[in-house]
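Next come the structures, one after another.
Look at the two complexes coming up: subunit A is in both, with subunit B in one and subunit C in the other.
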Partner chain A sequence: MVDSRDAVQKYLIGRHLEPRGSRFFIVSIILSVLTIAGIVGFVLRFQDGFGQGDLWGYYVALFAFIFAAAGGAPMVAISTRIAKAHWPRSISRISELFSIVSLFGIILFIPMIWILPDMEDGRRTLWFFGKLNVPSNLPHILTTLGLVSLVLTGLFILWLSLMPDIRFLRDMSNTKKGSWLYNLSAGWIGSSRQWFMQRHRIGILGAFYFMTLIFVHFLIAVDFSMTLVPGWIDALYPVTQAHNSLQVGVATVVLTMFAVRYFGHYQDYLTIDQFRGLGKLMFALSLLWFWFWFSSFIVLWYGAKPSEKSVLELLMTGPYIWVFIAAFVLLFVVPLFTMIWNPLRRSIWGPTIIAGCVFIGAILDKIRIYVASYSVIDQAGLHEIEHVPSTIWPGFADILIWIGGLAGCVLVYMLATRILPVINIWEQKELKLYQVHKKFHRIEVQVLGKPE
Partner chain B sequence: MVQVLSAIMGHRSVVGLFSDEDSAADALDALQAANFESNEYEVLTGTPYPDGTFGEAEPVHKLYRFPLVGAICGFSVGLLLTVGTQLGWPMVTGGKPILSIPPMVIVMYEGTMLGAIIFTVIGIVFESRLPRLFMGAYDDSITEGAIGVAVTTSQDRVEDAEKVLNKAGAERVKRGWEKD
Partner chain C sequence: MQEHTQLTQRQINEDLLDTVLSTPRWWLPATLVAILVFLIGASAFGYMLNKGVGVTGLNRPVFWGFFMVNFVFWIGISHAGIMISAILRLTQAEWRRPVTRAAEVMTVFSLMSALMAAPLVHVGRPWRADLWVFPYDFARGIWVNIRSPFIWDPSAVMTYLTASTLFVLVCLIPDLAVIRDRTKGWVRAIYSILSLGFRGTPRQWKLQTVAGILLSALVLPVFVSVHSIVSWDFAAQIGPEAWHSTIFAPYFIIGAIHSGVSAVATLMVIMMWVFKWDKYITRDHLDSIARLLIIVATTWFFFFFLEWVFALYTLEDPEIAMRDLQVFQWPWSGMFIVFLITAYFFPVPMWLFKKVRRSLFWMFVTTIAVNIGMWLERFLIIVPGLMRRGHFIFDWGSYHPSIIEILMVAATFAWVILGMLLFTKVFPLIPLFDVKEGMVFRDEIKIGRRTIPASIRE
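Take a look at the complex of A and B:
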């Protein structure tokens, strides 16, 4: 671990600029091939057109998952920065870089504008279509608008956070005026005023990001799944999806941290402190998942109207029962009965494995919800589900689309780390301002100050 | 923009480079004693020091007004849109009033958020004086740990500023791009 601020900067810039090994390029090529395979899968699926909504359930589930994970991940940096914590300094960039993956998510969203039918099919929505003279594709318009706002806000936060680091790169690589590095740094010179503004503006935009994230999840959950299932009326479901985004966002950051630590060799910066801190957060969010799910479940289960029983059958006890059980176990049971153990929580492997479970659980949860919802899309105009369709298994095209979609996300992230420093340099330098090691009786302790 | 205007108005910039925080703070005191206004000098660092570390005044800004104004504008547009459409096509739905708050809240919220975000971004760019088209007095060594004290002042006072910075212990004093 390097000590002084200058040494930290030199080390991190040096690490960032050093050529990537052959493993990086081999993995990039493999991911590129898999991404292309995903495009092939999309073309295969597209041959049937957008008209048959039930064929697109897995695609929509993929988008929902990527949006949840990539949209929730920046919240790790935003929330901990607002709390003025020191331990997340080395993971803030890791989480903010997911805004670029969200951009990839927007590309995936484009076909969904055609997959989701307009409101003329008679389904009940929030928009009182037919009563108020709203356009029949109002859900498409509002969700697109919300999604674009969210991603732009995330990218803007990333840019603000990057500006000082880009300036370091600009100065240390003698970048000439007019180059992309020079332009991206927007003439940042590190004046007191700029640092002051940066501190405040990241906080403000972070708060907006959070508010928009919740809202966009609300729109997607309601318009892209709940209204397609006749009889499904659940006020808690949209916020459950927003919460799940935070949960899987934290899990995604933990997994990425693990990869950056071992493959990027940042062991000095991604220590047990970061894994333990995020592990606790993930544990708390997993407990909250159960609370949200149970609150939704109990209303439908106790109500027990035929329409409600059909919804429960469709989403939980019917064709997707095993997917539901697996998601329940991975999102709640496993984190609960593992993260209560201190030795596991206070390790690097423990939170990583649990994060893997939460990650897979979230995939299964999205499949359960979205594939089931799109399987009854032809009944959307009814008051209740007339018959619960049997399980829709993924076809060859769906498997390719999922592999390609996930590979594309990893590829985009890897390429972003090639260009932008994956560890936030200015925050590490700032940490050195507030960090002192002092002798305390027989031991040496770390004293951390807090700027106020 | 400020730098361009400064150059047009005959202002020039100069930066003194210091190796430690105390010397830089002393330089600010010396500039103040030499009757330079607080908006004529600023500290340039590669690390975000706590506000006021060098004795500099806290920047006066209107950053919080931008989101507020944007939110009010966005909320107003959302309100007009929902009220306008509902009064334009008055249909009683589910026995609820024509102007029902719950469905209106959704559009108003999105309008408010959009307005607030857009105005915040504008505010940030404006308040941070970005993009900075011309660097003014700057040196790459600031990235490597040096602390810069930059003075932007009228042409006839540049030499005074240089003297003050040198006297305060600047290791090097450098003029800005306007010297050419």
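Take a look at the complex of A and C:
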């Protein structure tokens, strides 16, 4: 571990500029091939057209999952910065880089504009269609605008946070005026005013990002699943989806941290402190998941109206019961009974394995919700489901789409780390200012400064 | 925290034990007034027992009125203690130190008020309230239904009361030992018993710290369960259609935190005014709690928005009729406007200004406003919800609280004030050991020409 601020800067830039090995190249090729396989899967599925919603359930589930993970991951940096915590400094860039993956999510969203039927099919919607003069594709317009705003805000935060680091990179690599790196640093010289503005802009945009994230989850949860199922009225469902995004976002950051630590050799920066901190967060989010789920479940189960019974059957106890049980175990039971144990939380492998469970659990959760929602067809004008559709299993095209979609995300992230430093350099330098080690009675302690 | 006053242990003891070891002049009159109001309320309760619940404004179909509103309100206030104490303790927020005990004590007394407001008063036959805890004719299936949230309620509230009381007691032990060492005679004997032989050995400190952390972690699920169960008293029913919403549990919890943390802020201002403890509770603390309140209030408002949106989404006539009643029919419409302004649109924009966040007067006004608004919120959920302006007009009803109910509600407020006053006379309202620990962990570091506050971490 290097000590002085200049040494930190030199070390981290040096690490970033080091040529990547052949392993990086080979993995990139494999991921590219898998992404192309995903595109082939999409073309196969596209041959059936967008008209049959039940064929696209797995595709929508993939989008919902990628949006949840990539949209939720930057919140790790945003929330911990607002809390002025020091331990997440080395993971802030890892989480912010997921804004680039969200761009990939926008590409996945484009076909969904055609997959989602407009409101003229007679289903109940939030938008008072038929009573107010609103266009029949209002959900499509609002979701597109919301999604684009979210991704642009995420990218803007990433850029703001990158500015000082790009300046360091620019200086060390003798970049000429007019090059993209030069332009991206936007004249950053590190004046007091620039630091002040940067801190405030990141804070304000972070709050805006969080609100937009909630809003977009609200739109997607309601328009892209709930309104498709007659009789499904669950006011808590949008919040559950937004919360699940934070949960899987944290899990994704833990998994990425693990990969960066081992394959990028950043053991000095991604220590047990970071894994432990996110492990605690993951534990708390798993408890919250249960609470949100149970709050919805008990009211519907207790109410026991025919419409509520059929919704419970569709989403939990019927055709997707095993998917639901697996998601329940992976999202709640496993994190609860493992992360409660201190030695496991205070390790590298513990939180990583649990993050893997949460990641898979979230995939299954999206599948049981979105595949089930899109399987309800020709029942749009009804007040409750007339017959619960049977299980829809993934076809060959769906499997290819899922593999390609996930591979595409990993590829985009890997390529981003090739260009941009994966550890935030200026935050590490700032930490050196605020961190002092001194003797306190007979032990060595750390003194951490907290400005304002 | 920018305001930094380093105090000696002796000075802390002198300042914070002042209320225990001597009696301020205002204390006795204030206590007598609280006792008087409480006794008037208790007399009203006695009158109701003698004459029956007909002396209240409750009727068919509005079976729940002021008592239930008050029950939910006090349960809400009680959430402050755990929010401030347990959550901020677990997240190691330094600014929590001087306010934890007041918040915890308020939890205990407001829970007692809640128990008075509903299980004791509202059941009509309070002598049978014990059957909630010991349902003797269970087997016959004619009395209590174990699957009902009404049965979970007393268990949850009693568990919460037990846990909160234990929490207060565990955190009091080191301070009781300090008082023991400064008193004589029978008073010393009592404090000796209460302090459980605490001598401040490393092992005792370790156990005390571990107990505090464990209780913080264990009491959190209880805290969540209590108000969730209270919300399910409403949401699990399909009769009053407007109550049957999945969002009620988190909506009630976040509302409770909004209301409770505001009450703690009010209490902080009162402590600064009355006891002149501004070296301990500073304007920085008010600033921090106001920032927290902005987040809490906005989250609460989002849940309120969702509750409304999905009520309209149902497109069911009774649901729409209830919303119409809340928003367009006098006097509920007037209350609705006051509720929205006082619970959100007045305080939150005010808290955006640093001057307001650091002003004792404005923090007092805004936080009191929040609790007026939150009391009205519960009223507007319960009463118009039961009035049921549906298709059949024979089922319509209205509600006017009687003087008996008003007096009993006033008595619950008097009880909490009385409890706090008695507590300050016997125990320190600011935890001495916590403040001292904060002083030990407090440090400063120099960056260039500036000195910034810092804290020691192992």
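One rule holds in what follows: the second predicted complex is superposed on the first by the 449 of 452 C-alpha atoms of A that agree within 3 Å, B and C clash if a C-alpha of one lies under 4 Å from a C-alpha of the other, contacts with A are read in each partner's own complex, and residues count from 1 in each chain.
Keep this in mind: a residue touches a chain if its C-beta (ideal position, glycine included) is under 8 Å from a C-beta of that chain, and two chains touch if they have at least 3 such contacts.
Everything quoted here is computed from the prediction, not taken from an experiment.
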Comparison of subunit B and subunit C by subunit A residues contacted:
B
Give one of first, second, both or neither to describe whether A:Leu126 is in contact with subunit B, with subunit C, with both, or with none.
both
Is A:Arg5 touching anything from subunit B or subunit C once the two structures are fitted on A? First, second, both or neither.
first
In the overlay, answer first, second, both or neither for which of subunit B and subunit C A:Leu433 touches.
both
Should A:Ser22 be classified as contacting the first partner (subunit B), the second (subunit C), both, or neither?
neither
Just subunit B (first), just subunit C (second), both, or neither: which does A:Met172 touch?
first
Touching A:Ser390 in the superposition: subunit B (first), subunit C (second), both, neither?
neither
Which partner does A:Val299 reach: the first (subunit B), the second (subunit C), both, or neither?
second
Check subunit A for residues that touch subunit B in one structure and subunit C in the other, and list them.
126, 433, 451-452
Could you pull out which subunit A residues touch subunit C in their complex?
124, 126, 214, 218, 233-239, 287, 291-292, 295-296, 298-300, 302-303, 305, 433-434, 436, 440, 443, 445-452
Sites on subunit B touched by subunit A in the complex
42-51, 54, 56, 58-59, 61, 63-64, 67, 85-86, 88-89, 91, 93, 103, 106-107, 109-110, 113-114, 116-117, 120-121, 123-124, 127-136, 138, 140, 142-145, 150
In the complex of these two chains, what residues of subunit C are touching subunit A?
1-2, 221, 224, 228, 232, 235-236, 238, 244-250, 302-303, 306-307, 309-311, 313-315, 443, 445, 447, 452-458
Counting only contacts in the complex, subunit A reaches subunit B at residues 5-6, 9, 126-128, 131-134, 142, 145-146, 149, 152-153, 156, 160, 164, 167-168, 171-172, 174, 186-201, 204-205, 208, 211-212, 215, 426, 429-430, 432-433, 451-452
